[in-house]
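One chain, subunit A, appears in both complexes that follow, with subunit B as partner in the first and subunit C in the second.
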Partner chain A sequence: MHRALLPFEFSEPASVEEAVALVDGGRARALAGGVDLVLKMRLRQETPERVVSLQKIAGLDHVRVDAHGGGALHIGALATLRQVEQSAAVTQGWPLLAEAIASIVSMQTKVMGTLVGNLCVGTPASDVAPALFALGARVKIAGVGDERDIAVEDFFLGPGVTAVRPHELVTEVVVPARPVGSAGRFLKLSKTADDIAKVNVAVSVAFSRGTCAHARIAIGSAAPTPVRAVAAEELLLREDWCPATAKAAAEAAARSVRPISDVRSTADYRAEMVKVLVRDALTQAADGAGVLDGHDGKEA
Partner chain B sequence: MTNEPHSEFSSVGKSLARPDVAAKATGAARFSADIALPGMLIGRILTSPHAHARIVAIDTSRAKALPGVAAVITHADVPKRGFTRSVMAEGLPPFAYETENLDQYILSDKARYIGDWVAAVAAVDLYVAERALDLIEVEYEVLPAVFDPEDALAPGAPVVHKGWKDNVAGVIEHPFNRGDLDAALASSAHVAEFSGRNSRQKQAHMEPDAAIASWDDKGRLTVWSPSQNAHLAKKAMGRRVFDIGEGNVRWITPAVGGGFGARLSFGVEPVAAMLAKVTGRPVKVLVTREEDFNGWNSRTEQRQTIRVGVGEAGEITAIEQDVLSDSGAYFSHSGTISAVNMQSTLGVMRSPVVRGKALMVYTNNPTASGMRGYGNPEGSFILQQALDIAAEKCGMDPVDFRLKNARGPGEPSMWEPQAITTCALPECIRRGAVAIGWDQKWHGWGAGKEGRYRRGVGMSIMTHASGAGGFLLEHSTAVMKLDEDGTASLSVSPCEMGQGILGVLAQIAAEGAGLRYEDVRTVTGDTDVTLFDIGTHASRSTYAIGNAALDAARKVKAIVVERAARMLGVESEGLDVRDGRVFAVADSSVGVSVAEVAHAGIYEYGTDARHIMATGKHQSVMHCPNFQAGFAEIEVDVETGVIKVLKLVIAHDIGRAINPLTVEGCLEGGAAQGLGYALTEDLVIDKGTGKVVSDSFATYKMLSALDMPEVEVILVEEPDPTGPFGAKGVGETGITNVAPAIANALYDAAGVRVHSLPITPEKVLEALRAHGAGA
Partner chain C sequence: MAKEIATFIVNGQGYEVIVEPHMLLIDVLRDSIGLVGTKYGCGAGDCGACTVLLEGKPVFACLTLAVTARDRSLTTIEGLADGAGLHPIQQAFVDAGAVQCGFCTPGMVLTTKALLDENPEPTRGEIKAFLAGNLCRCTGYVKIVEAVESAAGILRNGGAR
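Then we have the complex of A and B:
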């Protein structure tokens, strides 16, 4: 165990092209806010020889709505969690995302840490990931001379492993406009207010004549990656909405997770809590979408 | 609830600002790690990656060859003198000190836990020191290890200490055992039993361990470190670790960032002293938070069973306590904490028959030590649930059951040869019950609550020492001197570790001498200046050091009055001193300022010069027990097992609150730490490897302000004739009642009990399942 970092070279490229040429995901690592990377370097879980700061790259710190591209939300790789949480566009257009970020209470983490960095850590416990899953976000990845664009579900490959390859960088996260009449809910269980989730859940639903017309359920901290509960979503789209449907969907969701026991909780507890949280989140989101009032939510 | 200031006093009873508050808030305060001496080296320690391993060989040649490295030391370089990390043990009477195991060396020749100290480096800076650690090559022969105290007792278990036949580190019979337990339990109308264990709560002081050591050309050692008991540390260093005598050790205590009992033990001071000796230069040894979590301090895990016998009328007939303590790799505080556990746990209720026994066992877990409450939060978690079970068996309200059976004035205190002088416990119980709304909210046993969210109330009571009189060396000497301008220096030796003792002692001394609070400076932190004192523990500083300060202050006042009378040409009998002025009680216009008296004493050109000063002393074989009642209201979600604490009430028998704000802060801080102990704080050790898994604040979860419920503090003031202005101790107490009150509230809410701390949602849900309730 050490107090000091091992020596490393520090680069501050001015463009994505230059940065992509430098980072290799192993010996040369990108640094955004440094919240995760610097801590891991002190603990020697990461021992890069070169640290490539993205901070000097212009044009990566945006949080904006693209009026021409169907009203999608674009979050640049240097946008901090706090910036996203406080953006009026986000709180009005994608409150689920703001709600998920609000559950991270460490202000230092949010003013230093970026949303993209949070995803790139690749932890299944990310609070941001389930919200982005539920909102159908996509991740833009720049490589040497090319760019690809993948669904956020395809970004997480395993604990600490993402789709980012050597000589690639995430440049943006794009969140499509919210389905008409949809409402979301993010719920999280943790030991203390400031802890990482034991389990977290994000749902987004919309209703048409008493049945779900849109349903997305995502669960964090209960499998090697955040997961979407597709079987539960299908059940919701099939069945009439009622408390029993929410319960059945929650049971189905619990079959999509593979939790483990660790310092934060046990596998059994996590599996049980997936049921409780998914049911509660669906019920509260349905309430938000107006279904409990007898409306179909179209005008919400 | 702040009590009204007492108008008969100028300083006492007022919530005055602490003298160190500005420096702490602005960052001006200098902690041990902030200090830099000319020529100083940085020291770091190499720790063992194995829980149990013989060190076959250590090759330090590559580390020594690294430019900038001044020394690399191993077990071969340190004195072959065993000591105990518990510096507090120096205060034990000799017969008791003999039962302390002197099983520790500056560096080990055998690793006994992951994190044990194997070698140390001194280098020009931190970077070089840490590179050197990486270059030390240790050949280990890994040995079978044992991590559970019950496994450690099994025949054939790996033996942690060479030359020992087994892992039994010690056995303590409670000194006040009496009566025939079996007969008493057999003839009791009911017997209640509860077993369980506490977690290894971490002191988690914000300031990580650090120490600087420097030897002068005459072989005298100066140490700078956050010690809670510098005078005893000075002795332990001078007599046990080295053989140089107390006079050759000077101990300086800079600002201290929290102690909570951890600093009653040696931290890295012996290593710093050894490195400084070898290099001939000052050395500052630093550690990481992870090393601290993997290291040499935590609450001791105790597994206990308590049985309580009760008669037909609900009177307690017998109490039995059985304690199994996991000492970890070294003995440290595990003996004394087990003894104090029984003392306080068995000392709160009246019982004709008492039986207590503790067994301390070595394992390959990190060394445990003493922590705030020192056995009381461990024992109370078990006893207070056993008491509720007993009350239920008799069909009595827990409030009434405790009021009926708790000890009161004139009865033996927790250290039995002594009698309780004052006891406001009944008043604490009654006022606490009102504050929580007990009569409205407690619906009787088996109230059978329904629904997802179930509310419940619970309570707990305790007694704690205000000083160590009876069981440890207990005395303190204060020196107070008046400067020419009428301001005073009070030289005392508490440890100011955030609790506000410097201000409290200044308030006592100011009141006693008739000075203004802002005119009294509390001088401390250097054993070359202060007189002997056993340090800050046993909730003693306000009581014991306060008595010494008051004694000195009253003597100073007497001298001032005597000299003022001569200056004024009046009889001294009719004079009093208040707020820095001497005046005639009969006619307050007749008077002179203390400053004039003090100045005239020093600038005296004849034969009557006097720098006004006095020493004051406290010594006692009494520990003036204080008492407290705690109440909790909770709401448990039976689907998630999550306990939401709605309110905590702490009603404390404070005698007199010298500074009500400080006392409230102390109890609220204790409640926060108690709530963490109850619900989240857990030093998790991997059962297979002995590695501490929760070795950072990301995994060892303490509560933050966001998690705190409303805490109502009630100060019940019934001045004790033996305390300074009637004050009793409070420091450790706020932590103790929280976990048992919550545990009892959980039973009231949902009919289940959890047998180990912390009471996590996982355990609550499991208990609900077993009980057939909940989701």
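Then we have the complex of A and C:
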């Protein structure tokens, strides 16, 4: 850890167009909250020649529901984790996302850090990523003279590597309206409350006549990127809901991860914990979605 | 930008400082302005000892580029006391015995101020959650939480003890 940063050029563009012309993802890096970039510069893991602050760009700090766009949630590139966590729209409409952010315990990190920045770090241990996977979010990326829009699952390419190319910037994350009757759950296992996840899991489910009509399972820290457990989701859509189904889905989920051993856990332990967290998250979310209350007309 | 003379508004007072882009806020506060109440702990955003309030919100001064704090309102621990009279939060920390070695205390007090400005009547759980980014390596958290509860009560009564 170095006390001082190496010198660099500093730019504060006033628009996304100016900013994308400057950033190249290598020698010229975008700065939003700075919690990750400045730390990596102190560690000399990043030594940019130019830092491009996005902080002076107007219209990027929103957290709002678009009534005309089917009630989707729009989160701008400068919206802080704290802003998203505290937004009434989020706590009411997408509580799974607020729950995932709440698992990041440092207030300063949430006050400085942005949700988009958290994704752009590209870490497989992101806590917001599994929640956004489970909620079917999309990522808007501005380039020079154009804009593209990709599923959040296609955003992560490898540890620290995202789909953002040189001269591109993520401008917004869009979370669609939650499926009717759905409920979610985020669970995380970590060494201490303020450490990053050994494993984290987000699920979203809804039921019709005792079977899942909607099921999404996402797992973090257990593969080179956050992953969706598609085989487990398909099993849930096929089988009647019961504790054995949750267990079978959890086992299927554990087959969709490729964990490593590191200072936080062994690969085997991570795979076992994927089973436990997926089973528990599904069981708790199913409870939240009312499957056990017979709301769907069938005993669970 | 290269080297420039910038204005920092710290505790309501303007300071003109020569800054370069790579300077960190903690170094401007401690070395350029001479306000050494802000402590340098881990340098990595883990400990919260360097916490200052930027427009009322707690941030890590060790991970903030000084240039991004130009012309914005900053509060450091030196801004809380009124002359020789301690701020009610500081007094509550003293009265509760919530200070051991004292190194984490400026950050703890400022994070507490941000909490109570936003939520004047926090529960014990809310206090712990809000202060989770501030570590006390003497590990005396019980009295810190008690001090925050006590400060909240005092501030709700208009600062009278």
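Here is the rule we use: the second predicted complex is superposed on the first by the 295 of 300 C-alpha atoms of A that agree within 3 Å, B and C clash if a C-alpha of one lies under 4 Å from a C-alpha of the other, contacts with A are read in each partner's own complex, and residues count from 1 in each chain.
As a convention for this text, a contact is a pair of C-beta atoms (placed from the backbone, for glycine too) under 8 Å apart; a residue touches a chain by one contact, two chains touch by 3 or more.
Quantities reported herein were computed from a predicted structural model and do not represent experimental measurements.
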Touching partner for A:Asp194 - first (subunit B), second (subunit C), both, neither: both
Which of subunit B and subunit C A:Gln55 touches, first, second, both or neither: second
Larger contact residue set on subunit A - subunit B or subunit C: C
Touched partner set for A:Gly34, first subunit B, second subunit C, both or neither: second
Subunit B versus subunit C as contact partner of A:Ala4, first or second or both or neither: both
Contacts of A:Val105 with subunit B and subunit C, given as first, second, both or neither: both
A:Val276 touches, of subunit B and subunit C: first, second, both or neither? first
First, second, both or neither for A:Thr266, with subunit B first and subunit C second: first
Set intersection of subunit A contacts, subunit C complex versus subunit B complex: 1, 3-4, 105, 193-194
Subunit A to subunit C touching residues, read off their complex: 1, 3-12, 31, 34-35, 38-39, 42, 51, 53, 55, 82, 102, 105-109, 111-112, 193-194
Residues of subunit A that touch subunit B when the two form their complex: 1-4, 43, 105, 189, 191-196, 263-266, 268-269, 272-273, 276
Interface residues, subunit B side, partner subunit A - complex: 44, 47, 126-127, 130, 133, 286, 288, 290-291, 294, 639-642, 680, 684, 693-694, 698-699, 701-704, 706-707, 760-762, 765, 775
Residues of subunit C that touch subunit A when the two form their complex: 1-2, 20-24, 27, 40, 43-46, 48, 51, 57-60, 63-65, 67-68, 111, 114, 129-133
